[in-house]
Structure formats: structure tokens, C-alpha cells
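Presented sequentially are two complexes of chain A, the first with chain B as partner and the second with chain C.
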Partner chain A sequence: MRPPHSGAWWLWALGLAVAASRTTNPVLLAVILAVAGFVAVHCRSNAPWSSAYGMFLKFGLLVIAIRLVFSIVVGGITGPTVLFTLPEVLLPDWAKGIRLGGDVTAEGLVHALYQGLQLATLLCCIGAANALADPRRLLKSVPAALYEVSAAVVVALTVAPQLAVSARAVRRARALRGDAARGRNAIRTLLVPVLEDALDRSLHLAAAMDSRGYGRTAGLPKRTRVTTAVLVLGGLIGLCVGAYGLLDAEAPAFVGVPVLIVGVVLAVAGLVLGSRRLARTRYRPDRWTVPSVLIAASGAAAGAAAVLAEAFGELALIPSTVPLTAPEVPVVPVIGVLVALLPVLLARREALS
Partner chain B sequence: MVVRRGHCSHAGTVIFRLLLTGFLASAALVVGAPTATAAACESTGVTVVVDFGSLGGGVQTRCAPGDPNSGLAALAQAGFGYTFPTRQPGFVCRIDNRPGPDIDACVNTPPATAYWSYWHADRGGSWNYSSFGAANRDPASGTVEGWSYGAGKAPGVAPPAKPAPIPPVVPPQPVPVSTTAPPVVPPRPTTPVPTTVAPGSSALSSSVALPTTELSATASASPVPTSSVPESITPPLSQPEPTAAQKESGGGPTTLIVVGVVVVVLAGVAAVTARRRARDE
Partner chain C sequence: MIRFEQVTIAYAEKPVLAGVDFEIPEGELCLVVGGTGAGKSTLLRAINGLVPHFTGGTLTGRVLVDGRDTAINPPRELADVVGMVGQDPVAGFVTDTVEEELAYSMESLAIPAAVMRKRVEETVDLLGLADLRDRPLASLSGGQQQRVAIGAALTAHPRILVLDEPTSALDPGAAEDVLAAVHRLVHDLAMTVVIAEHRLERVAQYADRVVWLPGSGVAPVIGDPGPVLADAPVAPPVVRLGQLAGWDPPPVSIRDARRLAGPLRERLRLLTPPVADIVPANAILTANAVSVRYGKTPAVREVTLTVSAGERVAVMGRNGSGKSSLLWALQGSGKRASGTVEVDGKDPASLKPPARRTKIGLVPQQPSDLLYLHTVAAECAQADAESGRPKGTCRALVDDLAPGIPDDIHPRDLSEGQRLALVLAIALTPRPTVLLLDEPTRGLDYPAKSRLAENLRALTRAGHAVVLATHDVEFVAEAAERVVVLADGEVVADGPVDQVVTASPVFAPQVAKVLAPQPWLTVAAVETALAAL
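== the complex of A and B ==
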């Protein structure tokens, strides 16, 4: 049986990430973390990058710690419940908006904790995708015409899994030499070789892409090249500006939807033009089989449940921190996120058959 | 510590009586230690002016006694409850539970067209839009703080001027609306007729500099729907009222326990599996 489409795992993880981005409720975030971790552990292959989830989990803990430290030192959100008071550094009048030290309140800490937990959960969703999806197979499915940006896309998409692979290889190599450093010492001795190795791997991959025709410029008339580059880059810029215009309430109306549409049209035109000059065959391409579609749909269900609950005025998604209240359980989004456990059932059925 | 206020219909009679006797009276009764009064401050304290604008309720002027250390503290000590949006605490999305959940759910930062803008001024001066957040600004005692609902428009009344420095005179008759007559101040000579600010006319009067006396401030504060007036000054923060959606879907403790068990089981099984797989490899 063929493994699911790599894109399906990314869509599944992005659905969970959408759910996480709509809430700071620690209960819902914990459910998302648990579901993503459970699926990542059960459905991963034995590929070297499949330990990525653990790496992202540790990174998430670091994010929470940094967020808490900043909330203690710089403050921001304050409430009536003062836990302890740090010596306050008096800033000049023009910097009065910033507070250094001073009262540390329970409300501020809980707010920072919720926000840090949200960011950590988003990271772990991406970590689950990295652990589950084969980055090279995913690249095979990328349209051949992401021509001008392909090298950047390759490096960006593979750097996390490559880091996981490199960390493992370097640690094993050091262990074989009798240096089983852990903790802070390990970071000092591992950091440079791991980063160097990961970068090397990404560059190798980019070179391999180049040798297969991605970003190839030889033998093409200059006019075609420039046209494609302008179309693709213009389209991407249009997408960015349009998305910003949509999200910014103050932006003039013509910056939103129209620019977005122009960006999409330009990008599609560029992709079509680019792919026309590149003939590429695929060996055993990934297919959107029924399990793949179900995996993607279960992730989408999790995201949709959270977005719909928010649209229908579910207040439990964002629990109040000033004043402090015990978070309630947003039932519909929790059920939606539990639907994202479906890949485990699919994998089990496959193992039995 | 309870602030009692005259009923709306009584306000007119009170004004006429006081006009006849030539005295101004504050309808607010203060019991015990210094606490919020429903009028501009005398000499010390921070005067807080809240303009409810399109929400109805007119302009309310109250006094936060002493020297509150932030704009929010002044607001609370003047007896106004406020609510933060849950996603962005620090902004103020409701004062005295207004606007209600039908206008603003109080989750995100309110839009720039309908929010509580924060102003400050000297007594009898002009309004300045605050460049600091209400939590970060320490208002000096004897100044005025303004809150105005809308698209960032200054409060509809001018900052109340300082009362004339004349020692208080005890009125001959107790005023009917208040159980005990508080110290009252005679009108300044420049103000022949005290003007009252009707709640509905606050938007119209925004450009008119009203003769701001103790009485006008009092009268503007008194016609308030009793439901929104806090009986007690103590709670500084008001809870957002639960909506139907929240009541429906917010699970009780049982749901929380069930979800907690699910999370623990999932995380536990995942950890065990991860360990087993790491050993096998």
C-alpha cells in the first residue's frame, strides 16, 4: 500500500493550525497538541525526519518560556492580582508607553501563557506535518512551473526535516566517538555541525532540482524568461499586498480583493507559461487516493469547526484573562479537532488488511 | 460605600428650588471616607467625564477622589465599570457594560469607528487625545479624564472648570432627594443660569461650551438608567455578560474532565509509542 499523498498531511496539519490560530483556550490547544502528537507518532514512517515533532515540541516549550519572561520583564497586560513586584526602571517621558519591571500580575502571566501556548501549538502542527510528510515526495508534486522561486521553495520546505536528520546524524557520530554530551554542552558542540550539515543538504537538494530543469535558463529566449519572471514575481507580490489589504480594515477598498484577484491571475499565467516550456516526467507520482482525501478532509474539518464556532459567536474560544476566569470547553471545536484523529483509524485498518 | 442619586423626575424640581434659594447642591451623598461623587471634583481628585455618545445615556461626570495612579484606576474609582476585549486586554471595550454584546462581542480590539477614546484635559481647558494607554498614564490630581464612545471624537462637554474658591455654605433646608445635604457651592457670578445637559442632546451640544458648574455636571450625571449605575463602587471590572451561544456550548466541569482525560490518554499513548519506536529503531 502506498503512503498517503504528502500534500494531504500538510493540509491536515494546516487545518489543525487554523483551529489553533482561532483560539487561546488552553483546553482546546491541549487537545490540538495531543491529537497532532498522537497522529504524528502513530502514522509516521521510519524516515529520518520523522522525529521532527519532538523537536518542534521542545521549540514550543522554549517559545512559551520566552513569552513568559518577556511578560514578566516588559509587562503590558496588567490586572488587579499582583503576585510580586520587580524593581521598576523609570524610563524617560517619551518611552512612557513601555514599562520595565514593576508589578507582575497573575492576569498578565496567564495571558502570556495562553499566547505562548497558542504559538507553540501552531509550531507543533507544522512539526507534525514535517514528521509525517516526505519533503522530497512533496516537492515532486509541486508544479514544475514554480520555476523562478523553486530553489527558495526547496530550501524553505526542507530545512526543518533536514535539521532533524542532521541533528540525529551528528549526535550519533559524536556518540560513537565517546562524546555523549547532553543539555547545554550538547548545544555548544552540536550547533555548528548541525547547521552546516543541514544547509549543505538543502543546497544539494537545490542543485539536484537545478539539474532536473528547475530554474534552468539555458536555451530559452530572453523574452520568455523575463515574461515568466515578471508574471510569477508580480503575481506573488500581488497576493501579498492583496492579503494585507484584506486583513487591514484601514486599507482603501481597491487594495483588498481586486489586487488579490490580479495577483492570482498573474501568478497562474506565469505558472502556465513556465510549465509549458518544461517537459518533465514523474516516476510513480503521488496520487490523491481515498485515504489521502480523508486525511486532508479530517484536518479541514478541525479548522472549519473552529472558524464556524467563532463566526457563530463562541466566546469560550478566547477565555477572558482580565478578569481571570476558568476556561470553558468550546464543545464544537473540540469535537472538530478530535475528528482529525481519523488518520490513525485509517492507518490501523490498513495494517489489518 | 454607596452613592445615591436623585431620580430623574426630581432633578428639575431640585434645580428650581435651588435657583430660588440661590444655591447649588450636589445630589450625590457621600457616606464615610472619600469616595466617588457624581459630579466634578472640588479641588483635589481626578474628574472623569464619560460621553456615551450614540449609545444613549448622555454624558456622565464623576469624581475619583485622591490621586489614582492610572487612567483605568481613575475610571474605576469614579465608579465606572470597564471591560477589556478578551483577545487584547488593555484596550477598553465597555464602560458600565456598554456597548452591549449585540454591538461589540468584546473579543477583538474595537473598530476605529466605534471605540472608547481616551482624553485628558486641565480643569476648564480643552480635550487632548491621549497618546498613552489608560493603564500607562498617571493623571495628576485636579485634572480631567475623558472617555468618549464613537470614532475618536472628544467628549461632548468641555472639561469642567475649577469651582470658585468660596467656602461651602450650609443650605437652610435639606434637599428632598438626598437624605443629608452635602456641602454646596454658590454659583459663579459669570453663570447666571445653570444649563443642564440632557442625555439625548449631548451630541448637539458638543460644539457649545457649556457653563460648567457643579449643577450642570450633577444634572448631567443624574438622569441615568438605574440598571447601568453601579450601586457599589467596589468592583472595578465588569464581567462580560454571557450570551446564549456561550451558555449553550460552554461545557460544565464534566465536559472539562472528559476532555482532560482524552488529552492525557492521547498524550500518554503517544509518549509510550514514541519511546517504543525509538527503542526499536
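== the complex of A and C ==
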């Protein structure tokens, strides 16, 4: 059994994120958090990126904490229930409307908590997608003509961890020289070897990629290559000029939409021709299998349920904080989010068969 | 299969290779030898057109690969004929899991998906990678990474495989695995293989032909391994032993040498091999139950080690057996989970870095990590300043270790041996009582290694203690008098070099294998004994 398409996991997470963005109801947000976490833990592989969810969860908690501290110090929404009072700093006239310290109310805190929770939930949705699907695999599904761009992104993604590794090695080596350098000099002693290392590495990688056939034209006539380049470049110029014409009210009418359309046509033609120019195949590409489609659909269902509920005027999505009330459970969105547990069932069934 | 026609390669008017004119037929394993900087890598990279398409420089003459001229075919167009594996396999990895890496070249060559699938399976079987196929590349050991790199070049079904120092980073066992796989390619698939290597004792026996590059633009010498290596300044000990014993042509494999060695063993039977000097037990480095952990994984487990003044100790063991971690923990810059270390009665980890290096110095695996200034002179002046030594101390040490390094040269332009000498001098400037070296012979040719061994002996005569971690069995035989073998972070053997290395077929140097059961370790020892007769 093949793992699901990585795009499916991202669509699934996007659906949950849409649901989270429609609500500040803590019950619904908690359900989304739980569903995302449960699926992430249950369906992830042993790959190195699969621990991403925990990292994003910690980050989310930090976001909630920061939001609460801000609401205590800077204030914001206030209500009648004063919990305690901080000494207030009087600001000059020009800073009117900003308050430092003063009354801290239960309403304000709860409001901040809800908003922080919403942000944290959004982060966790991204974390779940990261844990379930390698973002690099997703890049592999781009059209062939954009292959060069996606290859560059993939290489760039490996640079950051490598820089960290070589910085650690150099710092350790610096200690062997007594680490005499301080301040500006220290930056130089660290930076020079790390950058040299990074440059060396990228040269090695470029040589290796060249030796392994990267960017091969395999005997395609020069004319085709030139045509493609002209088409893509012309298309890009058209897009820029068209967008400019559309946004600038002063520009003559023909510069707007028509040029934009010509640009789009040229660029698409260039990409299509370019895809044919690049003779490349893919090893075991991700496929949209039935489980992949179901996973994506279950996420979409969660998002759709929240959006529809909002459209039909479901009030429980944004619980009132002034006055403070116990949040009600928005039934339709909660059911929608629970549908997003479907991947767990699919994984179970697969494990059984 | 590969033809060089009157090829000269020059960078900025300075010829690196000149008068290269030879042909390598199909199905041959060709070994390229020469000192550091003799142009081995340049020759290898000219085979798939990286020189001059990628590196620049001028190439005159013609290089024909499977009938194609590299002047008009850049490396990417030759990817279906030449598979290239560079010196550092990790630097050449494009993807991040084993299976995707194996498929990468095929994807570039637009090979249909079904064929790709089949070839990946074949390659996985051929190189014994079945258990590793889903693993991230970063989690593999050095030997595994090297095999994956070779596999990734093989899936494109090239007719030529070019390997630049395939075993230099590997322990003896892993090197044997990789070379066995290569040997099989030559024999079963008639692949043409070109290898450049410094550790000739590992590869010379597999070679059908040797290309010796004397360097500085002198035309290469090509021929059968034995005679060519005998004339070259770089030769494995078995060839040197053959020359000493007058075997003609000198054998390159242990098996051939052993068959000829009967009379020599007879002559040596009554002589006693030199015994390692007995060093008075005057412990200056005492480590007690030292453990190192990375997260939950233990790297070093309760190692106890005592080193006396004037002693040279080699720490050996597989890749990942904890050698480096142990050295860093002893030096005090690395972390130590538990245990105690004392140098001259002080724990180096409790000292500040400047004070620590006056007690115990370390030359790391990547010596260049220590260098960051633009000239040798500036590095030396900086070393004097940070050690609080009179001006010129470091420079004098450099001249002692490797004479003839100009002041104004950039440290990156030095050869491997010269750079090591510079870093060694920097580490020695504060006159540490104990000197630790991590894998010092990587990239060094035989003359450079002999010089390093001589330098280390001089250091211990002056009262320093030296501890070196290495895979290089020949160097250990030459430079150490005591060997500590680590496995899984534990000490499994500790004793005089002649007893420890002859007890294990993996760690035994070539001379010991040829002359077993007599415990001779180096050609020099045999030579001295015979001269005394």
C-alpha cells in the first residue's frame, strides 16, 4: 500500500485550518486541536520530519502565553468583572488610546485566551501537515517546467540545517584555539569558515548534479530551447505590464486586461513547451489514490461545515465575552471536524488487511 | 572505452597535467596514484567533462569517452555513460532518502517509471542496501553512504564508473565491503572502473592497471601495478617489502607476496622484531569511567584510559565506535556525561579554553575548521598571540614540521599535508602536555604520512604524549606503540601495537600479514633487522 499523496494531507490540514479560522469557540477549537493531534500521531511515519507536530504544539502554547501577557499589560477589551488592578502608566497625549497597566478583567482575559487558542490551533494544523507529509515531496508534484525552481527550493531547504551543523563544528573548533576572539572578531572567526564550508558544499553539490544529468537537453534542437525561453520571458513581461495597467487608474485601458491575458497565454505556452523540453521522468510519483481523495475530502468537509454554519448565522461560532457566557457547542461544525478523523479509520483498515 | 589523446590541462597557464596519452579498455579496473596535488582528481573529472566544463581551465588534446568527445559534451550529456562518485559522498547527495537518491540520475535521464523501479531493485540487491532503502541518508554510516553514492551512480547503467577516494573516510571493514562491490561490478558486468586512492594497501590488489601521475606537469607512467608502483614514491607496504626482498615484479596482493615470502621468513626467523619502547609509567593523562551520550544514545561507555608522558597511543575502531567523542571528551571541549579526566592533576573541562589548550591540544577531523585568516603568516601570528608565546614560535614549528611553506599563501591553497602541519603547529604553539589527533591521515600520501609519523615520534621524545584516533592500520603500525580498540563505545583491547594489531585480521598491517606468524609490522623494521645481519 502506497502512502497517501502528500497534497492530500496538506488539503486535509487546510480544511481544518479554515474551520479554525472561522471560530473562537474554545470547544470547537479544542476539538480541532484534538483531531489534528490524534491523526498526526496515528498516521505519521518514522521519517525525521514526523516529530513536527510536537514542535508546533509547543509554539502554539507560547503564542497563547504571549497573547495573555499582552492582554494583561496593554489591555484591550474590558468588562465589568475586575480581577485585579496593575499600576497604570500615564502616557503622553499623543499616545492616547494606548493603556499600560490598569484594570485586568475576566472578560479581557477570556477574549485573549480565545484568540490565542485560535492562533495556536492554526499553527497545529500546519504542524500536523508537516508531520504527515514531507513538504519536499509536495514540491515534486509541481509541473515539469517549474522543475528547476522546485529543485532550487529543495536544495535551499537543506542548506539551513547544514549551516547549523557546520557552525557547531566551527564553534567547537574555535574553543581549541582558546576562543580568544570577542565581539566583531568573533563573528568573523565563525562566519569565514562556515561560509567557506557552505560555498564548498554548494560547489560539490552542483558538480554532482551536473554529473548526474541535471538540466540535460538530450539533443533537443536549439530553436525549441530559444522559443521556450522567449515565450516564458515574454509572458512574464506581459504579466507585469498587465498587472501594472490594471492597478494604475491613469494607464490607458488597453494596457490592462488585454496585456494581462496575452501575458498569461504566453507564459502558459512557455511552461507547456518547457515541460516537453525537459526530458524527465519521476520515480514513484505520489498518486491520487482513493484513500488520498478521501483524506482530502474529509478535511474539506470540516472546513465546509464551519463556513456553511457561519453563512447560516450560527452564533455559537463566536461566543460572547462581554458579558461572559459559557460557550455553547456549535453542533454542525463539531460534526464536520469529527469527519476529519476519517484518515485514522483508513489507516486502521489498512493495518487490518 | 576511455581515451586521452595528448591531453594537457592547465589552470591559469600553470599545467596540472601534461602529455596524458593512454587508453583504458572496457572491463578494466584502473587505479590512479600520485602524491597530493599531483592532479588525480583533475584527471578523474576530465573523464566526464567536469574539467573543463565545470571547473574552468584549458584542456588541449582530446578526451574520448565511449566515442564521445568531452569538449562538445558537458557532464550532464555524458551522465548516461559515466557515473561519477566524488570524494565526499554526502556533499553529492541531492535528495534525502536512499531510494530517491538511487532514482535521481534515472529521473534526469528520463528513464520510464517501470524500468526505474526494476533498476532500483537490482541495485539494492547488488550493493546490499535492502535494509536501508527507506532510511534518511543523514542517518547512515560512512560506509553505507558510500555504497548508496555508488548505487546512485550505477542505476543510470553507465559503462564507466569513476570513484574519487572511495575508502578514505571508511574503517577497514567498510572499505572492504565497498571494494568488494566494485570488484563484482568489474567482473560480472564488465564495467570500466577508474579509482583514485591514497590508501593503496586497500585497492592495489584489485587493479588491472596503474596510472602514476608524478605531478608538476610530468607525463604519467602507465602499466602493470607491481612495476609502476615500485618506481612511484607512493606504494603500499607490500610492494616496498617486495622490493626489499628483491621479488621481481613486486607483488601487490598479500596472497602473491605470501607465496614468495618463504625464504624471507626463513631469514627473519632467528631475528627478533623491535619491541615497542617501554615507557615509564608516569601517567599524565588519566581518564576514569568516561561516558558520552548524545540524547539517549551512548557514544562512549565508561572508558578508563591512562597515558604516560612520551607515549603514542592509537585509538582504533569502526566508524561510529566513539573514537572522536572520546577525544573531545578527554580534551574537555566536548561534553562528558560522567567520569573524570585529569591532565597534570587538573580536569581540562574545568579550565577556561585558553588555559585548557596549554594542557591538552586537539587537531580536529576537519583541520580547516581552525583556520580563518587569509595568510599563513597571519594564522601563525594569531596563534602566538592567543598562546602568549614569543613572536615566531608558531612559524618555527611550521618550518620544523613542513619546511618551505611561504608566508603569504592562503591556508586553503596549501596541500592537505601542509594544512595539517599548519594546524598541528597551531595546536603545539602553547606547548600542551598531551596532543590529541582525530583522523590525521585523511588525504595524506605515503611520504606525508611518514613525515607525520616522524614528527609524532619527535614530539614524544620531547616528553609530550600523543593520542590519535584513526582507521589507518599502516599508519598505526608506523606511528603508535600502544593501541586501544573501541567497539560500541567500550574498550575491547588495549596493549602494545604488535600484540593488538596482529591479533586481528582487520587491523593487521600488510607486512604482518605477509610475514605471519612472525610479528613484523613495518618495512622499516624488516629493513633495519636485515641490515644488521
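Please note the rule applied: the second predicted complex is superposed on the first by the 217 of 353 C-alpha atoms of A that agree within 3 Å, B and C clash if a C-alpha of one lies under 4 Å from a C-alpha of the other, contacts with A are read in each partner's own complex, and residues count from 1 in each chain.
The definition used in the following text is that a contact is a pair of C-beta atoms (placed from the backbone, for glycine too) under 8 Å apart; a residue touches a chain by one contact, two chains touch by 3 or more.
What you see is a predicted model, and the numbers here were worked out from it, not measured in a lab.
Of the two partner chains placed by the overlay, only chain B lies in contact with A:316; chain C stays clear of it. Shared-chain residue A:289: touches no atom of chain B or chain C.
Of the two partner chains placed around the shared chain by superposition, chain B is the only one that A:78 touches, whereas chain C remains out of contact. By the touch criterion stated above, A:141 is placed in contact with neither chain B nor chain C. In the superposed model, A:41 lies in contact with chain B only, and not with chain C. In the overlay built on the shared chain, the residue A:227 is in contact with neither chain B nor chain C. Contact with chain B, but none with chain C, is seen for A:24 once the two complexes are overlaid on the shared chain.
Chain A uses no single residue to touch chain B in one structure and chain C in the other.
Within the complex formed with chain B, the chain A residues making contact are 24, 27, 30-31, 33-35, 37-38, 40-42, 46, 51, 54, 76-80, 96-97, 99, 107, 111, 249-250, 309, 312-316, 318-323, 325, 328-332, 334, 338, 341. Interface residues of chain A, counted against chain C in their complex, comprise 47-48, 136, 154-155, 158, 169-170, 172-180, 188-189, 192-193, 196, 200-201, 204-218, 279-285. Interface residues of chain C facing chain A in the complex, by the touch rule stated above, are 45, 48, 50, 53-54, 74-77, 79-80, 82, 84, 86, 88, 91-96, 99-100, 103-113, 116-117, 120, 136, 138-139, 152-153, 156, 328, 331, 333-334, 353-354, 356-357, 361-362, 364, 366, 368-372, 383, 385-387, 412, 426-427, 430.
Those residues of chain B that touch chain A in the complex are listed here as 84, 86-87, 89-90, 105, 107, 111-112, 132-133, 135-137, 236-237, 239-240, 242-243, 245-246, 249-251, 255-256, 259-260, 262-263, 266-267, 269-270, 273-274, 277-278, 281.
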